[in-house]
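In what follows, chain A forms one complex with chain B and a second complex with chain C.
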Partner chain A sequence: MGNRVAIVGVGMTKFVRRALETGKELSWLASKMALDSCGMTMNQIDSVVMGTAPDTFDGVHMKGEYLSDGAGGFGKPYMRGFVGGGTGVFSVAQGWYHVASGMFDTCLVVCEEKMSTFQPHAQAAFVTIFDHIIERPLKPNLLWIFALEMNRYMTTYGLRKEDIARVAVKNKTNALYHPCAQIAAPVTVEDVLNSEVLAWPVQRLDVSPVSDGAVAVILANESVARRVTDKPVWVEGCGWALDTAYWTNRDLCYPRYVEEAARMAYKMAGVTDPRHQIHVAEPYDPFDYKELHHMEGLMLCGRGEAPQLTADGVTARDGELPVCPSGGLLGVGNPIAAAGLMKIAELFWQLRGEAGKRQIARKAKRGVAQAWGDLMQVGTVVVLGV
Partner chain B sequence: MAKSKVQSLKSKVHGPRPVPDAPPYGPIATGLSDDDFKHGKVCTTRWTHDAKYAWDRGVAIGKYLAGLKRGKILAVTCGSCNRTMVPPRAFCEWCFKPIDGWTEIKDTGVINTFSLCYVTWDVKRITEPLIPAVIEIDGASKGMGIMHLLGEVDPKQVKRGMKVKAVWKPAEEREGAITDILYWKPV
Partner chain C sequence: MSERIAVVGIGATQFRTITPDVSYKELMFDAAVRAYADAGINPRTEVDTFVTCAEDYIEGTSIFDEYVPDQLGAALRQMHTITGDGLHGIATAVMQLRTGRFGTAVVEAHSKASNMLTPDGIAACAQDPVTVRPLCLNSNFIAGLEMNRFCAENGITRDQCSAVAVKNRSNALVNPIAGQAAGLSLDDFKYAKPVSLPLTDLDIAQPVDGAIVIVLATESKAKELRGKPVWLTGAGWCNGSPNLETRDWSAPEYVTKAAKMAYGQAGVTDPRHYFDFAEVDDTYTYKELQHLVALGLASPCDVGLNTEQGKTARNGKRPVNVSGGALGMGYMYEASGLARFYCAVQQLRGEAGAMQLPKAKTAIVQAWRGVPTASTAVITLAA
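== the complex of A and B ==
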């Protein structure tokens, strides 16, 4: 699998609804923090990967190039990766192959998103992800596809809204301890069930917010990693996979693309029994049912079993398998690409035992982060270990 | 290259660094408020995109649209995987070969999943919900659905598995678009 690659430093800005900082400034803040966290300087960075999602949010075409200065991309091998919501985790996979190949010793991976630029609501930008001839004339809303998928998931396994609302409750409460969280709140299942119906069965508190923010991590090969830190967190496996764009022809109750990506990452990491060999998970949770969906896709439980694990407290921060101890997108916020990288950052802190008040109760040696995006079709998975 | 880099890194290390209590390091970004927008403290611009897209229909979707204009729903079949697929495509994405032919399927189907949506595509609140659904069309392979809207139905009554039928625009008004089907209603 090439050279060993470790994460040695991490930086993250607060996630907010509308940041005063520009995208370049947010990128710089996160990058600078990541460098400072491991005592490195930009001179020691060999390559840069920028993750940032649709250009439409910012109204800047080729946004990767626009943001490159803030990410320290000037005069360096620089590339932008973009697979919608899957970008945050995918960017680490990209950085991994830069370093694992031996081409570079170090790689700075920066993910930034500023969704507030689009007025009045970033949601409207998403109409352009649908097929322009056979779907867009129906004036679709992004919420439709989630609502359709969530309804399919609920009816397939006979779930009630309460079974799913528990995820929102868990994550928004977990986020109370995250210093960068945007919408941490001690909500209850009743609060979720009583919140505004946006697109049944999706209600206001089932959804993550529109956010601005940036996260950066520094990848290094083994010899560099051993010198800059005594606690490297190894990238043990990466995987990514796309499902068909004919999304209405798929079975919406199971994310096959996540399973494909997870199998690739687990194989690389030598994980044969994810239920027991993964100690902490950060699946993508832009909607509460999505965490359940993705736990099943990551094979952390059987199909349809995730809601029961949540109800039993297995996925709580002090449970047997903590899931989204950070607070996830539902609690910390959802600046699309940065949200995925936030999950990697959380695993970094959890595995090093540096998550402060968020530290999970069980001893964790290996964790998995996953993100998802495009037209509900991409799965990106990274396994980290110490 | 690698060797000198490693040495320069080593010289930067000054022993273990203090671990922050709660990483990362507290608030940095500063949120703008609604008031800032209301009082014009934020630079905004409104710009009408002077661009026109001339999309090709494509081979498969072109034939599909021509079928809709005649009030027919056309599907394609793949002899390798034995799927009858709608929306039609020129190639089978599973077998990665050209499709083996066209068939006309019915304009009735079953609701696979649906939503009751109280916001428009640009997030304006509405009181009567839009009811998007994935509809599996009779005659296509199991699980082959298209996205469309439901109508003439009480939102409370809609459920998965419900049988529905297409409501077409009058023949003379059809233009070869997905909107030639106005919506689907229960049968």
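== the complex of A and C ==
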């Protein structure tokens, strides 16, 4: 069914708080690195997919059009897909159907975000994502709605802050070996617990930073992939699911939309027992509790079990199921759409055994990446394998 | 070889300049209910994937896809947005269906233009923030410059552009959903308000509210449904230079490239004689002429004359924008292309009522994303 699709090249800029490059330039840098990584040129690219989150960050209407030439979309079929924070991983699903449909042999997928343009802080842009009648007058921001969710998760399973802080410690430490990382640091559980309270129970070190950066990957069908590289990483499954806009009506303790997306991706990939058939995972971790939440949604463990796996070291880089060996959003940074694609890039390097000092101890043949976004509403999942 | 893709259901609201009685969600719901009834499907159980085409700034909401699933019956299902014209959404659904992983797909696009207090300010935000925006160029001013260039290079007269508006707005008089129908004559242009000469207010498609939903299916799934399928034979799309200063202002090459892609899939070698009718972008009068040339449907020397002589009229040899186009139906932002697509499917089904053409077996539909973009999508259809 459909053509087989592989990732053959990856490029990534540094993730930083304030990039001097424009969004177009960041897109170009990542695209160029991806092309160079597999010895391809723009002439060999048949289609281009752009992923970038809300236009409000840049204050540019139709931001996809604005970024098109930087991303290599000049004179080519070019399309921007969009599911908020879930965009980074979704963009690979989008690239997958470009190639799997048989309409294109290759697709360049570029994700860029430049949050620093928004002054003084990008968090204020998020007020415009809320319902304009019911919620916006309350002046909500993401920190406090996720504080609600974190509270609900902790209360449901009787968790302490220490149980969750271990994720931040693991990821920020993992990121020490990532050359593009923005806020890698050898922090301890005490550091997390003593950091500034932003919206209880969310503290400064529980949350990922505001970032600028870009990532690009090149997808190709089987015949091109075999020509371009000896080590193609196959897109085995893709899934996405978008839940209702009425987030206040959901039980926030479990991300059912992530489960739906994972079921779609696993079915395509032939994965029936994710806990044992997935060898490395990159779930979305903009907050430390989200990694745990998403591990459960991805069915890598039972509901409420993820904190114990983390405490037992199962999810450490040398553990049985390494989770966010890249350092995740908590360590590498969170340029929204690009952060999701960074996770795909990490799986690419891990599965090819090219992650350098970050290389996980166990032999990995299959990995899963996941992103999440909108009003705690969308799950996007990609399963990669070699 | 992939299965053929069919249009199996269409639904649209009326297109109106103001719709104070309904929200954008209710507009979408209205169109969706009609499309699902037309296809005879239940969206909760029989649709595999949903696509909405929308831009955040137009909606006044960031990450607009948040507010889409409920009114389409897509909650907790495969749903995403494309920031493109509705025809980009059709192309997306075609790709998804051709993977063999999906049997049915729904594409939605809508406009609630009457909610926008400052459409000119929003459009200005689409210009390059460093090099162009400081010049404070209004979109219509840019279109006026382009119109000048296109007309000067191709010998197109003022009257030939006016004839496009006269034709399209009068075509819309018999399109029951159209929102900008009018019986104009060339004389009316003598008194038209200048906007950015040679562009006048009568050359510009005026905004309306409305929504369109289209249901697509693979051939095997289409055969299970009761309706008469219309076949989607080709889909092409392309971007040119996003920068005003580095593009050809006379000939939009990106339209030619997108058409080439669609024609290749549909096996079209002689577009001028292949299509029974065309529905092309006419956001501005001159754009219809420019797009007809770029699509290979007319040559620069006869495109204006053809329009003037009525060859592109409803009873002409090669009808263009029988629906009324954006000038006659109203400009619907990301839904503009899908509105024309809806009317083209009606024609191919033989269900276009007073608009019906005697011969309508093949059609081409094209969309352009407006100033300052160089972004287009082209779809070819066959009965």
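We take it that the second predicted complex is superposed on the first by the 385 of 386 C-alpha atoms of A that agree within 3 Å, B and C clash if a C-alpha of one lies under 4 Å from a C-alpha of the other, contacts with A are read in each partner's own complex, and residues count from 1 in each chain.
Here is the rule we use: a contact is a pair of C-beta atoms (placed from the backbone, for glycine too) under 8 Å apart; a residue touches a chain by one contact, two chains touch by 3 or more.
Nothing here was measured: the structure is a model prediction, and the numbers come from that model.
Novice: Touch check for A:132: first (chain B), second (chain C), both, or neither?
Specialist: both
Novice: Hey, is it chain B or chain C that touches more of chain A?
Specialist: Chain A has more residues touched by B than by the other partner.
Novice: For A:17 in the superposed arrangement: first (chain B), second (chain C), both or neither?
Specialist: A:17 contacts chain B only, not chain C.
Novice: So, does A:65 touch the first partner chain B, the second partner chain C, both, or neither?
Specialist: second
Novice: So, does A:2 touch the first partner chain B, the second partner chain C, both, or neither?
Specialist: second
Novice: First (chain B), second (chain C), both or neither: which does A:73 touch?
Specialist: Only chain C is touched by A:73; chain B is not.
Novice: So, does A:302 touch the first partner chain B, the second partner chain C, both, or neither?
Specialist: Neither partner.
Novice: Is A:84 in contact with chain B, with chain C, with both, or with neither (first, second, both, neither)?
Specialist: In the superposition, A:84 contacts chain C only.
Novice: With both complexes superposed on chain A, which partner does A:246 reach: first (chain B), second (chain C), both or neither?
Specialist: The answer is both, since A:246 touches chain B and chain C.
Novice: Please indicate which partner A:55 is in contact with in the superposed arrangement: first for chain B, second for chain C, both, or neither.
Specialist: second
Novice: Across the two complexes, find the residues of chain A that touch chain B and also touch chain C.
Specialist: Touching chain B and chain C on chain A: residues 59, 132, 244, 246.
Novice: Chain A touches which residues of chain C in the complex?
Specialist: 2, 55-58, 60-63, 65-70, 74-84, 88, 91-92, 94-101, 122-123, 125-126, 128-130, 235-243, 253-254, 257-258, 261, 265, 369, 372-375
Novice: Which residues of chain B touch chain A in the complex?
Specialist: Result: residues 1-2, 5-6, 8-10, 12-14, 16-17, 19-33, 36, 44, 47, 53, 55, 57-58, 61, 64-65, 85, 87, 89, 93, 112-123, 129, 132-134, 143-149, 160, 177-179 of chain B touch chain A.
Novice: In their complex, what parts of chain A are in touch with chain B?
Specialist: Those residues of chain A that touch chain B are 10-21, 26, 29, 33, 37-41, 43-44, 46, 59, 105-106, 116, 119-121, 123-124, 127, 132-135, 137-141, 143-144, 147-149, 151-152, 155, 177-180, 196-202, 212-213, 223-224, 227-228, 230, 244, 246, 248-252, 345, 349, 354-358.
Novice: Would you tell me which residues of chain A are touching chain C in their complex?
Specialist: Of all residues in chain A, those touching chain C are 1-2, 22, 53-56, 58-69, 73-84, 90, 94, 96-98, 100-103, 125-126, 128-129, 131-132, 239-246, 256-257, 260, 264, 268, 373-375, 377-378.
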